[in-house]
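Both of the next two complexes hold chain A, though its partner changes from chain B to chain C.
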Partner chain A sequence: MFANFRLSFAWLHTWFGLVLGFVLMVAFFFGSLSVFDREIDRWALPQTRIEAQPMPSFDKILASRFTTITEPDPEEREAASKRVTQPLPEELTPAQWGAYTTHRDPVLGMYVGFAVPNSTLPDDYAYGEITIDPRDGHVLPRDQLALGSAFFYPMHFSLHITWYDIGYWIVALSAMAMLAAIGSGVVMHRKIFREFFTFRPGKKLLRSTLDLHNLTGVVALPFHFLWALSGLIIFAGIYFPVLDRMMQPLVEAHEREEAAHTGLDTHPSGKPGTLASVDAMMTAARERWASRGVPGEIGFLFVNHVGNSNTYVSIYRDSTDRVATAEGLHFEGSTGRVLFEDPPAGPIETVNAFLTGMHLQQFRHWTLRWLIFVGGILSSICIATGFIFFVEKRKHAHAAEGFGGSRWVDALAVTTVTGMVVATCFVLVMNRVLPEDLAHRDTWEKSSFWLAWLATLVHATWRSTAVLQARMSNAWAEQSWAIALLGALAVVLNAVTTGDHLGRTLAAGYWPVAGVDLMLLAAACVAAIAARKLQARAAEVVSVSPEVPDYA
Partner chain B sequence: MATATQSSWHVLSRVCASIFGSYAFSWGFIALGASSLIGFGTEFHEASSLTSMLGFLIYLAAFCWAFIAASLARVWVVLAGGGALMTAVGWWVSRGG
Partner chain C sequence: MHDAVLLAAALICTVIGMGWLALAMDAHWNQVRATRRSPRTVIILRVLGAAALVASLVLCLLADTATMAVLVWMMLLAVAALTVALVLSRRPRMLAPLIAAIPQSS
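Right, the complex of A and B next:
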């Protein structure tokens, strides 16, 4: 597009990095929080602050809970009603039961898949979900929001924009832009080994920002690349449903062949059938794993063709001790005999499962978990410094021209960097302030998050007029103060409303809650230090002569 | 960008080619690759996984190439045209060729 290939890459890096960088901030920041999603859940749901529990008895607890799920969740039904050629009937038939847990879960997620008739998709289901306390089977209130796993985690890959899954596509394009930005960033800078050791915080803001951008980019280069790529690969079925959409005969031929080989029918028989003791199957599965030298708990339990004569039960070992996901053991529902055991995956499926497992981290390895968290934070810093560099490089020229470009970029940067953290701290505060039995408590919490974020945008826009005069916006410092106050307040409120103050949680070694509290305090301290420095900086009348190459 | 010599329409066309042209090209690659591999006897899931994982890397390469290629017309022909052609051939192969 330009005189040479480096200039084209610089354009790509600058403009895609800017426009989609705002999305990438959301993906990487909430992705980082998702590393500790279960721990954040414990903080936000005090009644679930108990030790992790294994999969409970199916016959005594799960069976009766599954039958209480009589319809898909409203949003699932709504989405399914758009995929059908005939109106969706009022009553839908339950077709699948599933229950999943990990070594970090004191509560158990359960779902029922309802067959969607006349769908434009093959084998389409709409899901109804509940969360139970596995000790006695009681169902947790639906309007209690699991902030980590049900809000922050889906935010990082869907932005909570459910309309035609558009959020997934925006995040996917941003992940692609991230991969392209990494490639073009390497091409632009070339002196990659030197960047590794170059950080001159004492230099002018422009230079030190670029140093930090390059340093965080290079130090965690494999992380940035692999997490963006594996995030895409996890949802390959959404982004490239090539075989399902245009090669149905091939897919069906494969399904028939596989069903003949495994004895697991693809479609329900339509004849009523019975279900033998699933507890006996679970025991058989555990015994089989123990005899293979890989004893473990059940991570995922799945019943297909519920109520039919060809119903089968699939049991998967949890992934505590390995990265890739497991091979399943499949039982005939009516008799409980083993129908089929998945063979070890082929080489390509193993690579796929490894990339997926690495990104989802079901394994028990706290050092690695923390490193992944640090990687996500480094990605966030890399993106944030990209915005700051963009503004610092242009604001003088824009001020001289009377052009508002830098001002708007700065306002959006404040909103997606400090504003996002403000909103996150604010929703934690609201989580502790709202009455426990408030109806639609989850909606209140989510709304408070979005409103707080919107408020930071308004604030950032208002304060960014300073950028029009080539000065630094006070919004950076003020929102940092807000983070410091709200972060500390969340810790205090947790102590006051639940009694689980740090003295108690640390003494008891209850790390999920102690960890969240400590991270909030750490964030509050960093934000306070940053706010002081930013205030000092904002007071200066900065005069910068650009000293960086012109291509960035 | 003092070096930007192209009209905004040209830039927009590049951006569209990089986003949508690359998608068509990757879709075609997966369609042709998966159906051919399965036709040659590769296990179904292995073929599907391999081509969709490579599909993302092909998208990345096509996305970058759309910005550095000299001729914008060639970019569109190769990405959209090539994607459509591979999709058609892949479909034909999947029906038993």
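Right, the complex of A and C next:
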């Protein structure tokens, strides 16, 4: 089929990269933003702009909050009703309580897992979630959207396509394609070492684009590979549900065996039981960590078999000091004595925990956090330049044939490169413009994002007719101007509506909001410079040689 | 604060190391200096470059636990290589101090 090995890899790289690159762009751009999801949350939810808080008292605050969650969230109930063989009863029994926080969270996430009877899955739960202010326990309004952790973050792995979880599968397929694109990219690169440091912006657009594609691809090669791989590993349980499908009897036997060893029962006893002071257990956990000289704030607190005689409490520390998440400490609920402590992980679990922890970044290391953000942006640049190269290479031939292929690729590239940033800036602007007490405010914000993105697609398609004549689409420059304006506007609106202007946040050293503002301004400046250069280039090409292609 | 100093030193080492590795290549050497160099100079530059990168790894390991340090180092390499590439594309003469100690006619 192909003349040689390299050409067959080039075909693979070009076409898989093109088709799934649009998804990868979303995964990597929103993945990069997710590195700072908690900081974006603070920007978007001004009432939560306080310092990070430790896990509050269970006995005084959490216990009473858990009992206020009496039913699963509507969408959880809806989903659970499709997994059962008998109709779901009105009243569900709470089986699990969980509360989680990190060293970057001023708010606390809490959930109750309700046992789903007659489910086709083993140990099935439907969850009811709330977010509270840990200082006094008051519940934050549900329709206030945490833009970072509840919108951008799930976008990067699910695209918010919930129908049959198909979003997860599309992203997974793209991550697989990414791994293939990395391998084939290395094979087809003729001078991977000789051109390791090569970027020639003065050369023809085709050449300089390829330089930048190669440069960003090669220097961050380990990053591209490891993040695509670890992303796949995190959701391996969805893609290969061997444990709860194929191997279920084996898993249950193993769980029974393990429970006999750890004392942590897999099923509720069915007999009523009491819960001793969880605060005392938290204190015991902190003392144990202190005696080992490791940081000892609680990150995750979990109560299983709520209300049963065999209830137990698991406490995990916020693993600020290492890449992998920390082992848990488990207490008997009725007495508060330590039942079991997770042993240090074995070799396979260690690798898994490292790859997962690296991707999720629960650690406290701001340099590494920024470096990972830069890595994500490099991936995004690599993918974006891939699109531009595809179009530049083909547009003259396509224009001569009257074929619209590169025009549509260009329109989609504009939409997923600049359009996505426009929509992101737009949702931040809308976050500050919509009235605070608007009902379903979260839906308004999400809708505004999708509408803005759709608008950029329409605009890019309309402007891409230029590509039919082998010219550059003005949509690139115009959407760059939109980014510059919306980014700056978001910063101004934040100052006007909350009073937290840069002068104040920088003076107070409140980096979550100052950082988002500064990044918005930086993005606006880069976009403005890019827009000017794009316009200058377009004018230059037209005035010098309206008919002659700039690269033959 | 101590860790910040170590990490800043690690970044400087990776940039310098990547700079030396780039200058060991003919095309980039020619961007910085007009005169030719001996094969021995190439070897010296490569050894210096590799040593600087190893030094930066050691600095990262001093600052953080090993698993964290490896990630920091891996990302510093990417940032440093990109920095050197961008310097070479715009202001290659900025790398001249890295070979100031090498005589003109070596």
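In this text, the second predicted complex is superposed on the first by the 536 of 552 C-alpha atoms of A that agree within 3 Å, B and C clash if a C-alpha of one lies under 4 Å from a C-alpha of the other, contacts with A are read in each partner's own complex, and residues count from 1 in each chain.
One rule holds for everything that comes next: contacts are C-beta pairs under 8 Å (C-beta built on N, C-alpha and C of every residue); 3 or more make two chains touch, one makes a residue touch a chain.
Just so it is clear, the model here is predicted, and its values are computed rather than measured.
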Fit or clash - chain C, chain B, common chain A: fit
Which partner, chain B or chain C, touches more chain A residues: B
Chain C, chain A and chain B - angle at the middle CA centre, rounded to the nearest 10 degrees: 90
Contacts of A:Ile233 with chain B and chain C, given as first, second, both or neither: first
Which superposed partner A:Met358 touches (first chain B, second chain C, both, neither): second
Touching partner for A:Val323 - first (chain B), second (chain C), both, neither: second
Which superposed partner A:Ile348 touches (first chain B, second chain C, both, neither): first
Which superposed partner A:Ile483 touches (first chain B, second chain C, both, neither): neither
Chain B versus chain C - smallest C-alpha distance in the overlay, whole Å: 19
Sites on chain A touched by chain B in the complex: 1-3, 5, 7-9, 11-12, 173, 176, 179-180, 183-184, 229, 232-233, 236, 240, 242-243, 246-247, 249-250, 254, 258, 346-349, 351-352, 355, 550
Complex interface listing, chain B residues touching chain A: 1-6, 10-11, 14, 19, 26-27, 30-31, 34-35, 38, 43-46, 48-53, 55-57, 59-60, 63-64, 67-68, 87, 90-91, 94-95
List of chain C residues in touch with chain A within their complex: 4, 7, 18, 22, 25, 27-28, 64-65, 67-68, 71-72, 74-79, 81-82, 84-86, 88-90
Chain C contact footprint on chain A (complex, rising order): 194, 196-201, 215-216, 219-220, 222-223, 321-324, 354, 358, 363, 365, 367-368, 371-372, 374-375, 378
